[in-house]
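Two complexes follow with chain A in common, the first pairing it with chain B and the second with chain C.
Coming up: the complex of A and B.
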């Protein structure tokens, strides 16, 4: 038992804490759903909240681990979401199994988003300073505008595409995949909470395995001291690129999960505000702190919805909660206190082991 | 102890910052396996020379040869890969990484697995990680730091941080090690211990060491050859005895510096 405890908490403590949290939360929610004690409002939020946790973890990889600021992660979500809509629609007649279709859509969406992440990082990560923040900000806006002006349909003759003005005419049985500012409509809602949680678990594993590898160490070393990292032979551009592309891919996967959860999806859903909100989840959860990110995203996505009954006071309470979280997570005395409790528990645990 | 081969040679090396000439016509010839001292008053340009040799700064004049190969146009990263490693006067550790991870980062050139191996935790990843961990631990042992392996680097006391920086540099498997004031902030006992460690390191890793140090007992006791720098230019080069008895050096540096 003692061995099990050290094996569980030991070197990968943070990873295991995150996995434990997610699995326990999943079981609790499933049980509550089974017993019918969850409101439908909450149930409808389960997939979006999972998507946001995944994209926030991805962003923390860039902001917390790599030390670069990205203001365009909603853009990668958007690419993933609309890629997912296209893939899922095109395969609708070929693959009847929804789960399989969802999984393939997620994989394709992740790859396409990662590719865009790679394109951005080529010019930007060579530069030092806040260029990434500026370029990702622009990227998010550009993606939104591009999709806003994209008209893409699909029928038995294949794809039909037009830009800015809608000139797409479809044969019988054809379907509009992206309809300009209206976005995607009549999408099969194939995303499920269970697949979302599995994707979240995979994300946690990928991120922690990355952090605990030479890639993660290199990227953190570069964050801590760029010159020193170079002086021990680290190729800092390559290292940062890998982290960014991985993050973009995960954000894309989260986007697919999100996009295939709604029958309609407008491109404006993934705007600048969305990117900033995701950043808020990350900052409040703690830079580089994946466990904190999961909790802060969960609370902050649900809160505005759960506070609806407060009507006009809703955003006031939301702001107060934001401030309280900020104080709690950044207050050294409170941090010390939490650490002390934790250390005492750990010490007790070690005593018990003997 | 030293053989005839030159590990490092510079010709007319120099750099200007705006109008200020920080280093001018710096020539050095270092033999493989030699311990070589670079001394001079504050602001003489010693650290700047390290920054030139490791390409943190781009020289405005002259050339640098490592093992006979012109490395003047290489990058910071490739200079390290070609065999020069260094420490920094104002310690530059990876402060949020553990002591062990700081050393591992220096060893990444020899860690052979790809991204997929690590994300899927394939056997290759596990084996290579185990190997790099063992190698890093043995380096930490050499510097008496193994019991601090899991401590965050920024939480180490000052003297131990200096030692960790040397360990990290050694992990890159250099042929030439540059140490910028390695004994700064150490007490006499620590300094004496460091002298022994540096000698051991030279034998064990068969490398050449170029060091900047103000502690004259340290420099005279360990270096086989010394260059004195003043106002960015070489004042004298010679054995410790020659330097000690050089009237110019005494006038410019030793005389005023030793109480």
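Coming up: the complex of A and C.
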């Protein structure tokens, strides 16, 4: 029994914390929804927040654990999202169960995104230095431009495809899946918060199992000292590739969840800013710190919406809050001061106990 | 475990609960009208114009003493991801009738929400067909979303026809459009189709996207080298202002011809409006029109906000009055449910003929598309002046 528990939860304390946080948050939100006291503003935000948390966790696997910088995670999200939209639309007539359709879309989206991640990693991860950052930066832009110029339709005769100029003509009952810069429109919104949370839990389990596995330890050893890692026989390229492909796949799955939550999806949505935004969530949450990433993503996605009451000053205050968080979390004096306060209280408590 | 983080979690959780606590009831004596639009960011001129004009119209309506309206606008930064949350905020507020959104991309993302919640919406300026139709062939409409502005395809067709019939402006046309923008490509495609049909000579077609929206030398040089004397700009005013500035620096002076997105260029901060002199644009509204409705609106707007209203403001003003007319004709009461109200408004909108400042004898089809005629205006001495046909 104990063994089964370890197998499911992993040995890491952080993993338990993350899972605990997610499950408690889920229960609280579900109760609030059930009693009808959760505003529709937040109900609309639940799935995007979950997707962002998942993709931020995936990015932290690359940036924090593997020590490589990726600036193209929005690109993987985009691939996942549009693949998901295509799969979901094509299967709409075959599978009537929304949840099943969503799950299949997520799986296909994750596989396609992981495949692209693998393609990129072949040349790049063999190199040392910041090449992954440069290539993923370009990758994100390329994906955006490609989808922007793609016209893909589907009717009873199968797929119709054209590039740059729209020459797609569809038979009756046909549907444009990707309409160039207009993107995907009138998508069935089949993403649900529950599926999102289950995906998030699976993501946390996968990431912590990876970190605590042989490969995870190899990746971290490589991050800390590449030469030392090589000298003890670790296949540096292979371990880094596994981490990156895993991360790309998870980002793709998050993309599907995100894409199927909106009735319209434009390719320009997943631009460079989006990649940087995800990186901001990771950096403010702490490199390699999954628990921190979950909390920082949650706060930073919600904050602009919570600040709505400030009207015109909303984005101004948001920027200030970002800067304050950045300064506070990285300031040793403040950190020490906070620690001191808690330590003193603890010490006082111990004294009283005597 | 870091206590600081626990605290921050608790803080956010408590905020969530606190915000979720008070639901607004709709058992009051006013109709609540909501809209989301860009109040910050690149397209803020549009959102603020709609906000100003709608507030003005609501005050005028309320002063009449009959039907009482209440108006609220939420910021969506013209972002399709932000507009559903803005919609959520409006729904929490108790919105009964919507003006949907100000911009197209954001609008397409919430049309389904309005349909799902059976709430009636009429958008002042989200002109894309994707706002009212759920499929690419424009056959299935959302049924609950109506438009006050004419749709993008109509603008493209009307522009091409206008240029064909007014050869005094020039005969060789260059087009610069934004390739990753729903609005711009929509007009561009229809413009090209119509240009081919009527035999308009398009010598240069160039595009840009969000990441290259600061330097237009390549596009302008291409147009200049091919001898274009008209540059057609189916884009928003922000990039258009840069195009005008850079063309001026190059010493290239063709006739610039824009569509409704060009509106707002005169109120853009830091833009030298002298450069916009002689720019033509196709719009349903010109502030110098002599009829009483327009003159009153322009006078009141100027008095209150210190600037000449643009077409977005005019459309928003008309939206409020169209809703007012429909509510009065349908004898609606504020305690009606959203879906009853929507049924009543749809019935009125599809049957009534509306006279506003953006057109007279305006009618709507059952799909929500408006029928009115676009006019050409030219910028003279920093103001829009109607062009006689």
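Note that the second predicted complex is superposed on the first by the 321 of 354 C-alpha atoms of A that agree within 3 Å, B and C clash if a C-alpha of one lies under 4 Å from a C-alpha of the other, contacts with A are read in each partner's own complex, and residues count from 1 in each chain.
We adopt the following convention: a residue touches a chain if its C-beta (ideal position, glycine included) is under 8 Å from a C-beta of that chain, and two chains touch if they have at least 3 such contacts.
Owing to the predicted nature of the structure, the values given are computational and were not obtained by experimental measurement.
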* Looking at chain A, does chain B or chain C touch a larger number of its residues? -> C
* Would you sort A:233 into first (chain B), second (chain C), both or neither based on which partner it touches? => first
* Asked: A:263 contacts which: chain B (first), chain C (second), both, neither?
  -> second
* Mind sorting out which residues of chain A both chain B and chain C touch, each in its own complex? => none
* Structure fact -> Residue positions on chain B within touch of chain A in the complex are 54, 56, 75-77, 80-81, 85-86, 88, 92-97, 101-102, 104-106, 108-109, 111, 113, 115, 118-121, 125, 129, 132, 168-169, 171-172
* Can you list the chain C residues touching chain A in their complex? -> 1, 3-5, 8-9, 12-13, 15-17, 19-21, 23, 39-40, 74-75, 80-81, 84-85, 87-89, 91-92, 105, 108-109, 111-112, 128, 130, 134-137, 179-182, 184-186, 189, 209-211
* Structure fact -> Residue positions on chain A within touch of chain B in the complex are 205-206, 209-210, 212-215, 217-218, 220-221, 223-225, 227-236, 242, 246
* Going by the contact rule at the top, pick out the chain A residues touching chain C in the complex. => 17, 21, 25, 28, 32, 36-45, 48, 141, 144-145, 148-149, 153, 166, 170, 175-176, 179-183, 185-186, 189, 262-269, 271-272, 291-292, 295, 298-299, 302, 305-306, 308, 311-312, 314-315, 338, 342
